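Common to both upcoming complexes is subunit A, partnered first by subunit B, then by subunit C.
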Partner chain A sequence: MILGMPILSVVIWLPILAGLAVLATGGDRNANMARMIALVGSILGFLVAIPLYTQFNPSTAGMQFTEMVPWVERFHVNYHLGLDGISLWLVLLNCFTTPLVVIAGWKVIENKVAQYMAAFLIMSGIVNGVFMALDALLFYVFWEAMLIPMFIIIGVWGGPNRVYAAIKFFLYTLLGSLLMLVALIYLYNKSGSFNILDYYRLPIGITAQIFIFIAFFLAFAVKVPMWPVHTWLPDAHVEAPTGGSVVLAAIMLKVGAYGFLRFSLPIAPDASHALSGFMITLSLIAVIYIGLVALVQTDMKKLIAYSSISHMGFVTLGIFIFNSIGTEGAIVQMISHGLVSGAMFLCVGVLYDRMHSRKISDYGGVANKMPMFAAFFMLFAMANSGLPGTSGFAGEFMVILGAMKANFWLAFGAATTLVFGAAYTLWMFKRVIFGAIANSHVAELADISGREFLFLAILAIGVLGMGLYPLPVSELMHASVSDLLAHVAHSKL
Partner chain B sequence: MTDMQKLYLLVPMAPLFGAVITGLFGRKIGRTASHSITILGVAVAFLCSILIFQDVMAGHNFNGAVYTWLTSGDVRFEIGFLIDRLTVLMMLVVTFVSLMVHIYTIGYMQDDDGYQRFFSYISLFTFSMLMLVMSNNFLQLFFGWEAVGLVSYLLIGFWYTRPTAIYANLKAFLVNRVGDFGFLLGIGLIMAHFGTLDYESVFAKAPSMTMDTIEIIPGSQWLLMTAICIFLFIGAMGKSAQFPLHVWLPDSMEGPTPISALIHAATMVTAGLFMVARMSPLYELSETALSVILVIGSITALFMAFLGMVQNDIKRVIAYSTLSQLGYMTTALGASAYAGAIFHLMTHAFFKALLFLAAGSVIIAMHHEQDMRKMGGLRKYMPITYWCVVVGSVALCGIPPFSGFFSKDMIIDAVRDCQLPGAGFAYFAVVTSAFVTAFYSFRLLFMTFHGKPRMDHHTESHLHESPWTVTLPLILLAIPSMLAGWLYIKPLLFGDYFGSAIVVSEVHDVLGHLKEEYHSASSLDIVLHNLLTLPMILSLLGILTAWFLYMVRTDLPAKIAERFGFIYKLLENKYYCDEFNDFFFAGGARKIGNFLWSKGDVRVIDGFFVNGAARVVAGFSRLMRELQSGYVYHYAFAMIFGLFVLLSISGVLNAWFVKP
Partner chain C sequence: MNFSVPDFTPALPEIFLLCALSAILVVDLFIEDAKRFTTYLLTQGALAISVVVTIMTAHMSPVHTFSGMYVSDMMTSVLKVGTFLSVMILLSYSRDYLQKRGLFRGEFYTLTLFTTLGMLVMISASNFLTLYLGLELMSLSLYAMVALQRDSSISTEAAMKYFVLGALASGLLLYGMSMLYGATGSLDVSRILEVIRSGQANNNVLVFGVVFVVAGLGFKLGAVPFHMWIPDVYHGAPTAITLFIGSAPKLAAFAFVLRILAGGLQPLVHDWSQMLAILSVLSMGLGNITAIAQTNLKRMLAYSTISHMGFLLLGILSGTVNGYSSAMFYVLIYALMTLGGFGMIMLLSREGFEADNLDDYRGLNARSPWHAFVMLLLMFSMAGIPPTVGFYAKFSVLQAALNAGHLGIVIAAVMFSLIGAFYYLRIVKLMYFDAPVDHSPIVGTSDCRILLGVNGLAMLLLGILPSSLMALCAQSIQSAGF
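Up next, the complex of A and B:
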């Protein structure tokens, strides 16, 4: 509660209500009004989230700003919200991204504008709900609800192959999460409660833990996505409109990793330990295998999609080495990836809006016509390659240090990204941006507009700020992370 | 914060300020303002470095944090400065050469559209390099390390419409990343075993960990120190272009010439050597690592020098010379003659920057022609440039009393006294290289400035000396190229200049022996003592050979090339390193990537599992649909048939399980 307001509820419902208001503007005759309401709503959504940061108490690992209202009393289901040092950053990232997406879609989307904007605002609120829910059923509702706006975004405003991509995305993630529901019901039967925090203390035998872990794994691994359940992502990204790709990469992928931190590790600590080798192997496959796959992509969006998977491999690696620098590195990497991959997709969007092509071979020499854009793209490409001084470095560095503590070869495998990450990012950059003007379409390109400058500059500040001074980010998560690691270290057998 | 601390901060911040202002507002403020502001920034850094130098000489070292970058668990990662005699020497070299290059750029880049961008980049480079040398911890070292790599990338690809330039910059970045991969693992090992990245704490703890081992390959125990030192050195191999990670440096000559001088000769490429010298307290604990350095360094020194003999591009000759000289410095590090390496680093920075800038002066006069076969006889048109090249070449060949003589001779002497495995080969390499170095340096001088002019008439009619912004830095660099050795050998090598900044253990102290030998000698005595030693004679022979082949019997080189066709081809193709890397690493990675993608992702995961599952469902439902035909007799038949089957099964089951 801040100033007598249930702040978490505001953060969830304000964007959703704003989204409904946008919907109420109706057809494309009122498109400008829809845009304005969406912009104001998304900015307000970010502003109301700022007190979460300023009022956050970093000295406690407990849930803060909690709210609890009975929802379905017969089954002890509560509308129970709370925030800790782990979810705080993800909520902020989400609220930060939404206005950028609205601005990015400002001119580009001309068809069903209100519906487009509303989908993103509603999505933003729902995702906040996922990060804040402390009731398992409430979490599940938000979790599944999140699919609907994204399904619509890809299916309606997507590219030519959007139906295949949207259905693949929907089925993949839905199938993944069904077993999670089974696990949650099992936990409810065992504990008589849907309170997630109660599950942390619930003693569970190793067999049950393994089953629970696997059930959660399927749900979360699909979302992250981990190899080999990643193949929905490149398709979804390629077909999604720019804004959809940004939210998908910056926010949606994080809910999977967040799930591991919130559910798998503390609820099934022994299973987590038992299966950590498996998880680490999958993570390293993501880093190396996907890094090599990214190298040979000919479609810019597909390349960045694969690069996303590879970077998310760092997140899952950091989570499953169970030391504080690794876990914090994983969270830092999540935030950084949100900024960097979001920015990369926006950059591709800027090009796509002009050329209507994502093929690398259609470009060449863009720097000649769009020097300012080239400078921004260079910064984000370097961040994507993990250059120190950008946010991309901080997370990867921490995870590599954490991995080295666990085992030399883990660090060795993870550090290959230094070469592969730079290779696929900069090789693409070279072919698109550098060189002589490749064709007459490139010759007609105009440099970025004020609107495009705005969102790229905001992200650039974020990427550089977090790279040069990540302390404020890491500081607020110490207590929560060490509490989480204490849970993981404590056997339930 | 004390006044001195403010001064420390000002040194990197002044160039950064210039870089940011010209980078963001270069177009608005115009050319003059852009170069003024960046030159002012670097000049401030240089002057502050002088003040800091005086302060350090008065005995005031500094080691402290500027701000905390990150905390995690009980580890603090900080950004901070370590100011001691080693640091301040590097600061002086970096800011001085950078200042010269800034001034030179006004003349060299005057016709270029990217004028402001260029100044922004070189100032950013100066900032990064200063952060690297002033660091007091491995994190910031890595920051600076990668930041100079970034600027190098930007500058090699400065003319980004040229295919060769953007090929070269990508190659440079990736090869450096291979080195950084090792470097980062080294840093990771330090973090994992020392629990800190702070130099001072690591150095303090290191002697108690000499016997610690780690098991990297199961079943074989490695000394922790050896592993750390070798991994860190892999980083140095990338940055300082040691074999086999040297391949990026010759190609980096695609960048504008001032960059070749500043980054790819005088400063950035010496970062690896500086790092090893800085880490001397660690390297002294591992003879294996020192041996590796010794051998890698001497391979680079010898084999890269050979390549310099057959190049026709004026900048590439100097580039291979740089590789070879970096090899000398590395060899010195391997022999534990850290001070010798840093001394040669310094003299080399002066005379190599001089040679590059002079080559640049030739290149502008020749309208961007770099092929020496199309030059000749330039002496009379460009006297200042000519004499500067003479000074640079003589210094490079190690002819007394020029600077290179002192630094190179001391390295050769140190390697001679070295007892580590590989020292014999290293000695052979550095002595032989002396001949080769003299040969290619004077081959360059004769081909470019002497003999008959071979350029076309139009170019010849336009030949003239470069403007003062170009020649002034040349002259200012020629002075230390002549004198630095004579003046500084005593304090740097035989005095106690470095004090505690460089640690050498008793058993490896080759410079200590030389120190005893030259204890009371003056610079003149050192010259006289080494006047007719083997390396000196070989150098003179090299000059004579070059003179004979390129001035007297100019028909011979072609004949020799023909006679030894195989060797010539090998050298001309740079031992086929590029071909190997392109085929094996670049091609291999793409092949594996393609395989994983088309077979793994597309065919197996998506094709078989994902879409396969969808097809199974679709096929099954099609079957189901067919069954529901809507005809009553189909359903009646199915019911009867089903009943029959069920009854049969229960009958069989009864017969099998219940009855007996």
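Up next, the complex of A and C:
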């Protein structure tokens, strides 16, 4: 509670209400009004989230700003919200991304504007709910509800193969979620409660833990996405409109990793330890193999999509080495990846809006015509390849340090990403930006507009700020991470 | 010989409806075709008063009357109110549809009321004979309604199939009931329960009887492998009547199943729950997989109904109070979803155009964003995606089944519902992602449009606040004392 307001509920419901208000503007005749309401709504959504940061107490691991109202009495489900050092950053990232997405779609989207803006606002609220829910069923409701706006975004405003991509995205993620639902019902039947925090103390046998872990794994691994259940992501990214790709990369992928931290590790600690080798192997495959796959892509969006999978491999690696620097590194990497991949997709979007092509071979020498854009793109490309001084470095370095504590060869494998990441990102950058002007279309390119400058500059500040001074980020999550690791270390058998 | 006047209050809604129905039957004869609207109003009025009567005479704990042949408790009252409301919604949705097809006749309304009366008797009966009486009253009226469009060969064929298979099912049911009578010496549900509990009945005969009863019930619900009539009847009947068959009778059938299995045969739960498990998994599987191949929306919804019945059985087969109340919640939500789905088909249809092909929904979002949104809510609710109420329906039956230890069936159920999500999503895809082929404006009476909007929003509102309806179901089952 801040100023007598249930702040977490405000952070969830304000964007959703703004989204409904946008929908109420109706058809495309009122498109400008829809855009304005969406912008105001998303900025307000970010502003109300700021007190979460300023009022947050970093010295405690407990849930803060909690709210609890009985919701479905028959199943003892509560509308139970709370925030800790892990979810705080993800909520802030989400609230920060939404206005950028609204600005990015300002001119580009001309068809069904109100529905487009409303879908993003509503999704923003729902994702906040995912990060704040402390009740398992409430979490599940937000988790699944998230699919509906994303499905519509990909399917309505996406590229040529959007229908296939949208349905694949939906069914893939639903597959994992349904098994998670079974696991949650099992936990409820065993404990008589849907409170996630109660599950942390619930003793569970090793077989049951392994089944629960696998059920959660399917749900979260699909979202992260981990190899080999990543195949929906390149399709969804390529077909989604720019805003959709940004939200997918910056936010959607994070809910999977968040799920591991909130559910899998503390609820099934023994299974997590037993299966950590498996998880680490999958993470390393994602880091190395998907890194190589990214190298051969000819489509820019696909390349960034594969790069996202590879970076998220780092996150899962950091989570499953069970030490504090690794876990914190994983969270820092999540935030950083949210900024960097969002920025990369926006950069590709800027090019796509002008040329209507995502093929690397259609470009060349863009720097001659768009110098300012080239400078921004350069910064984000560097961050994507993990250059010190950018946010990309901070997270990767912490995870590698954590891995080094666990095992040298693990750290060695993980560190190859610095090579591959630089290779695929910079090679793409070179082919698109540098060289002679490739064709007449490139020759007609105009540099970025004020609107584009605005969102790229905001992201650039974020990327540099986090790269140069990451301490506040890890400081606020420190207590929560140690508490989490204490749960993981404590056997439930 | 003593004759005492029975207590009529538990049957007051039925008695009132019968009187009103007889009056409407006579009044309608003197109304000319142009003023048929009066019949419609009288019917709606009779149903509305019946709702009031039901609520006024509701009993918190079971009250038996007519020598134990009839019972009234909270479950029967809730289900009766549900039946009345869904018939009223149906009548409102279908008025325009019937007018355009020359079916806006007195027979439709009187048959509807007879069917409703049959359902009420099914819900309240506590004796095999009364149960059967109600079932036949409902079924015979429905057979006639399916054939109401006399010139249509497809409707007539559907009616014929419905009648033959329905009669077969009734035969099976009666045969099973006679076995149970043979084993226990009574037709009274509570007496049968006592005899079975006391262990005096011959177990072989009992189980034999249970098999036939379950098969008969399976036919009536439309569970696989007794589902063959559903797609043809749904497809062949005029949409208004398809909607009728698909909605309220399932409430009555639920009460019927519960009264026999949970009321009378509770000690044999182990036997019938195994049978229901097979029916349930097959229904969910076949219903969901076959629905994918359909190009006709009515047929698709028919298969979807089959799969919903599988989920309903999942709640019943857990054999616990928790499971029964989950199933009751499921069936109420199911009726609401079906009303909305078929209501949309009727709203979009015009003279000479049934709007029952999937392609007719292409680009609905461009034609009418509001109706597309309502349909979206209905489809996601049928698929069981939160935050729509369909999720809680599925969730509560899954929870009950898992609590009863049916892990394998639960996993099969979620996998089949994943498959099911595909064809519901396809409707959303057609509405939102495709360009419209048909640009004609959507016409429809305003009461129908408003009601349909409310119906769609109810999916969302009940999804956000499902608590009170769930509590009502739980309390109803508690009070019925299963």
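Just so we're on the same page, the second predicted complex is superposed on the first by the 493 of 493 C-alpha atoms of A that agree within 3 Å, B and C clash if a C-alpha of one lies under 4 Å from a C-alpha of the other, contacts with A are read in each partner's own complex, and residues count from 1 in each chain.
Just so we're on the same page, contacts are C-beta pairs under 8 Å (C-beta built on N, C-alpha and C of every residue); 3 or more make two chains touch, one makes a residue touch a chain.
Remember, it's a predicted structure, so these values are computed and weren't measured experimentally.
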| item | value |
| --- | --- |
| Partner chain(s) touched by A:I50 [first = subunit B, second = subunit C, both, neither] | neither |
| Subunit B versus subunit C as contact partner of A:M68, first or second or both or neither | neither |
| Contacts of A:V293 with subunit B and subunit C, given as first, second, both or neither | first |
| Partner chain(s) touched by A:A166 [first = subunit B, second = subunit C, both, neither] | second |
| Contacts of A:A489 with subunit B and subunit C, given as first, second, both or neither | neither |
| More subunit A residues in contact [subunit B versus subunit C] | B |
| First (subunit B), second (subunit C), both or neither touched by A:M5 | neither |
| Contacts of A:L202 with subunit B and subunit C, given as first, second, both or neither | neither |
| Doubly contacted subunit A residues - partners subunit C and subunit B | none |
| Residues of subunit A defined as touching subunit C within the complex | 26-27, 70-75, 112, 115, 137, 140-141, 144-145, 147-148, 151-152, 155-156, 162-163, 166-167, 170-171, 174-175, 178-179, 181-182, 185-186, 188-189 |
| Residue ranges of subunit C in contact with subunit A within the complex | 365, 369, 380, 385-387, 391-392, 395-396, 398-399, 402-403, 407, 410-411, 414-415, 417-418, 421-422, 425-426, 428-429, 432-433, 466-467, 470-471, 474 |
| Contact footprint of subunit B on subunit A as seen in their complex | 168, 172, 228, 231-232, 289, 292-297, 323-325, 328-329, 365, 367-368, 378, 382, 387-389, 393-394, 397-398, 400-401, 403-405, 408-409, 411-412, 415-416, 418-420, 422-423, 426-427, 430, 433-436, 468-471, 474-475, 478, 482 |
| Complex interface listing, subunit B residues touching subunit A | 67-73, 75, 139, 142-143, 145-147, 150, 153-154, 157, 160-161, 163, 166, 170, 173-174, 177-178, 180-181, 184-185, 187-189, 191-192, 214, 216, 589-590, 592-594, 596-597, 600-601, 605-606, 609-610 |
